[in-house]
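Please read the structure below before turning to the comments.
Each chain gets a letter, A, B, C, D and E, in the order it is written, and its residues are counted from 1.
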């Protein structure tokens, strides 16, 4: 199981734990992640404007590198995944953008979405298999009541992301169950935490995270997991420590290898 | 509303000749629906009504080409929906083999097409004819079949 | 020598607005064989037809070309005109210069050119037309109705009343269909069962009607007037002739976990059951999938209980083959599963229901005995939110693009029923549009608002969440420019209705066409709404499109009238455009026989006079009463012996020639 | 070879004497040693019967006329010929009850054109010796390896199974090469449309419309050919243009599609050496690939592919996409 | 001045406002609804009517969380979020409308603020 791996800027700085745990867990599971050489920041925001070409280029570069290597491109940060997956779809479906990107990058063969973009969780689910993971768990998270927080970027728009049911996703819960935990279902798991506004409108972020945290707590969650550094930051900042927010990979690593304090 | 597909014939502009065989029950009715919905397609397309697509003898297709048609399209009910139960299944085999043969002889494969268009698919009929006409226009005049055998 | 008359119709401005009809007339006059050409504003009008008739007489025309609308529209009209003028009706050809020309082209020059080409093709064809006469066939005086809901019952009753035998095939163990599940009916609020069950009983008792319940159509052969249908009577494991419907067995059955379909799975039933008290026929049936006897071989309690000795575990499916003159599709509808719209929380909270589930919840024979309680915990609700257009008018993928038509009215009904019975329960309805075209419909909806104080909110719900044991509904109130966050105890989804999935396979057997949404296609959307384009197949009820009960019943009766009209005929005039084989060219190879879907071709040894030489040969013979004129045989025939009257090789080649000229 | 001919004659004589048949359909000497022609023999003339490297003609088609006559005819069928007869019987073209089919072994037939191409000129006679063919010519003896002279069809021999014969004559013969008969078709398919067009245009332009292919083809046995029927709309006589001229071979191949046993007679008799069998083989290859293996004449009960279907048949468009990357 | 025609907005957003059937599900779904002066459904309606100028001034452009709930739930395939983004882009492409001067950043972040937050804020709010 060989993949190109796109960590993204946050995983190299503030979210090193996400990166490190993901790599460690991958190694345990026989998944080889090769970091994309000389990757650039994806921009963290998918440019919805159809005439924005430049903002799509760093994603295209990463996709091109994977095309050349002939392997799928794996991402972890929700924002990176969202941007790269959607730009990939643009390149496949929008000939205008494809040609413009090729012109910018001086490509003789335009990039037409050939690379398969996978989220780390998709690799776990489809290529490794949750059943395999379950068998490899050495330190099950027995009895831990954990709420899965998906946020927006992994799920929507579902026709492009094709990650999970956009309104009733279960992928994280299925993984948590494989790790031995008791996932807690709550209705705000796919609602926005207002992460993009965390700098400019902290009040909005506070309102949204409170709604999410309340919903999770009411359903009995004692911790949350997410795959997004911004969600993690936003939620932990407003939980006041009452509800710890982990990266899903941290729990995965802990269950596979043991050790980490919280597990 | 773009009407470019029915642009007036300008002098010198190449206008292909397209013969469309349509089964009476589905595709001809689909063409009627395209008409009553005012869904345009080029006047290059001329429709011949047949009771079923299975009435279309390969000789008709070849004849049309030989007489100067640039494209021939057969339209019938969707497989399984044939008014006569099985007619279009035979059509499908016959035309598959015939078109494959034409391709084998080096005739552009885009000049022949089979499409299943139901009586409810006026929009599909129009879209199909627009697409086919565009394809044929791009291919240009059909000389190959006529010239397959040089005059001696 | 043929003398052809060409008649170019203006169709008002429909044709003349885009096609220069004068130029068409001028052009066709030059065509060989054309003895007369004229244009007229409405050729299908009396005076237009008279113009044709007098031209035939005056100019001694032998054939007619009418350049007009689609032959599917007026070919029959002009054939009659020709016949009235003494011509063989098959000496008429139509050039479709409206649907295939004037309506789709905008440029006059171009449309006129095309019209001329189409006219030439028709002239070329008519020059090779030969007078044809139609044969006739007998009509089997029995009808089959597929589906035993209110549509099928009404159609069957009307046909039976007219004195014809009619069979109903129903896949469920009882007739009654969806209507039997409804509580009250709009806009009168009379009890659904009270008006339906007498009809069910009538259908069961009528000596002209035979019910095949728990049965399915297995295969269909033949054609209008002469269908042969095989019906699979599934094994009930209960002998219909012995069961008294006492219900003893259903109470004793120890397997009690099967979801009760009648109550939309909101309660359970035994493995042996009678769907409901008013079932017709009132005969128990064993659901073998859930029966302990069939699963483990150990039980047999029902058999011991039954004093009528009706239980028959060894019963097998039975195939019944019958002939019918007409077949009615009355396969009805189901509600879509709204799980695809996860934002509404259906499937996550038991208090989010579909309207049909709510219908059962309100019904005295329903899972709660008619007490309105929250399914999650049995509490009495304080506030109920109804959401309309769930999956209707939805082009996003998981819904249906059409309006389901009945939801506005039944939601108003639900709202009124709740408010009437439980004035303490408040009701909010989220709507996009309230559509009430129907007699007393808008008045009914206004009553909900004015008399019953139902809150109608223009806007759609974005999300339903569970909070503190209740539901929270977030939606927009567009008229008041606000986002609402309402607490509710129940949410009722007016989910879209879709054709019953069985319609597709049955339609396929009947070779009747289906539209992209799975509804049956009618022969003409306005003028022949109860007939399928396939002769002898008729449409009754929602299988043709969404309908409420009065509309369904009206259509069912209209459908019956059409069936009766067919069954009344002593003979049917056959298609004259049938295949025929030239024995002198026939190789006797049997290729044609193999592709004929009707078995219309047989072979016989014939003595032939081949240009003075006598020889005997095995040649193909077409049964003209059975041939439907598809033409499959003509292409299978390598020698060209087989040809199709009205669409001969020469005629089609002539059309090709004329178009490619 | 003489030995095999004697064996055939001996068995034929027995059969005639037993009353199983009244006459024999076989090969008689032609104008030259390399063109034996079909002939009918009474018991007394059996000594004139030829069976050698050049008796390639497929006798099946002659059974149509022969079976209409009084009495039974004994027909000699090489393995591949037997499929043609079986197909004709399946199509009710031959009165099987008037035929006694004797399957005779075949060691592959020779192509005089190949011999000429290898420099055999002024040939007067030939004989076969140990896998070699020895031509006696005006300019002396020429020896050539037998395999080099085999007819195209014999290089792809489909084996020694017979279809629907009444009996077979056992006789040990060396194996024939079993080349892939679709190799050339596949090679053409690989080419660009332009190349294919150039190939076929070159070949079909050579046609002189002598009708030899049609006349020899066992599948082309219509009571009246569409090309001879002015009512058919395709006959040249009925048209001012050259429809028949340009499309004759396509239509001919179409009409025998699903019925052609791939006997190769069309190419053998073509005076212009047009590889007509490549048209038939294209249909056979397509049928095999798309609808499952089918050999015309092999199974009397099997529905021929063109009067058959399955609901899952591929779409014409999908088929044209084949091989298009 | 930026181009302010309906066509520009439609081109940049790649959405078709005529598909809207005025159900309001976008506004019923929007988590930023209360912070908006013009609501998602109004964006669709106003763009369709060509009323672009007021939208360019709207504070909703900076309240939208780009959560795509409106896009996901729209029964007709309209994309209100894309309209909002197109309008925001039109404003920001005028340099003077940059909403997030770099010098403001230090006071907006804390020790834990992920890069992603900064990068995305720049992407959304400056040019």
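Convention: a residue touches a chain if its C-beta (ideal position, glycine included) is under 8 Å from a C-beta of that chain, and two chains touch if they have at least 3 such contacts.
Since the model is a prediction, treat every value here as computed from it, not as a measurement.
The set of chains in contact with chain A as well as chain C comprises E.
Within the contact network of the assembly, the step distance from chain A to chain D comes to 2. Counting contacting C-beta pairs between every two chains, the top pair is B-C. For chain D, the chain whose average C-alpha position is most distant is E.
Averaging Cα coordinates per chain places chain A and chain B 49 Å apart. Taking each chain's centre as the average of its CA atoms, chain A and chain E sit 24 Å apart. Rounded to a whole number, the gap between the C-alpha centres of chain D and chain E is 76 angstrom. Within chain A, residues 166-167, 191 each touch two or more of the remaining chains.
Shown for chain D are the residues that touch two or more other chains, namely 226, 233-234, 306-308. Those residues of chain E in touch with two or more other chains are numbered 69.
Applying the touch definition to every pair of chains gives A-C, A-E, B-C, B-D, C-D, C-E. For chain E in complex with chain C, the touching residues are 19, 21-30, 33-34, 39, 41, 69, 73-77. On chain D, the positions that touch chain C within their shared complex are 68, 91-93, 221-226, 229, 231-234, 255-256, 259, 303-304, 306-308. Residues 58-59, 62-63, 66-67, 79-80, 86, 89-90, 92-109, 112-114, 144-152 of chain B touch chain D in their complex.
Remark: chain B residues 3, 6-9, 17, 19, 24-26, 28-29, 31-32, 34-36, 38-41, 43, 46-52, 54-60, 63-64, 67-69, 77, 80-87, 90, 94, 118-121, 126 touch chain C in the complex. Touching chain B in their complex are the following residues of chain C: 70-73, 96, 98-101, 103-107, 109-111, 113-114, 117-118, 121, 508, 511, 513-516, 521, 533-534, 577, 595, 597, 628-632, 634-636, 644, 647, 649, 652-653, 655-657, 659-661.
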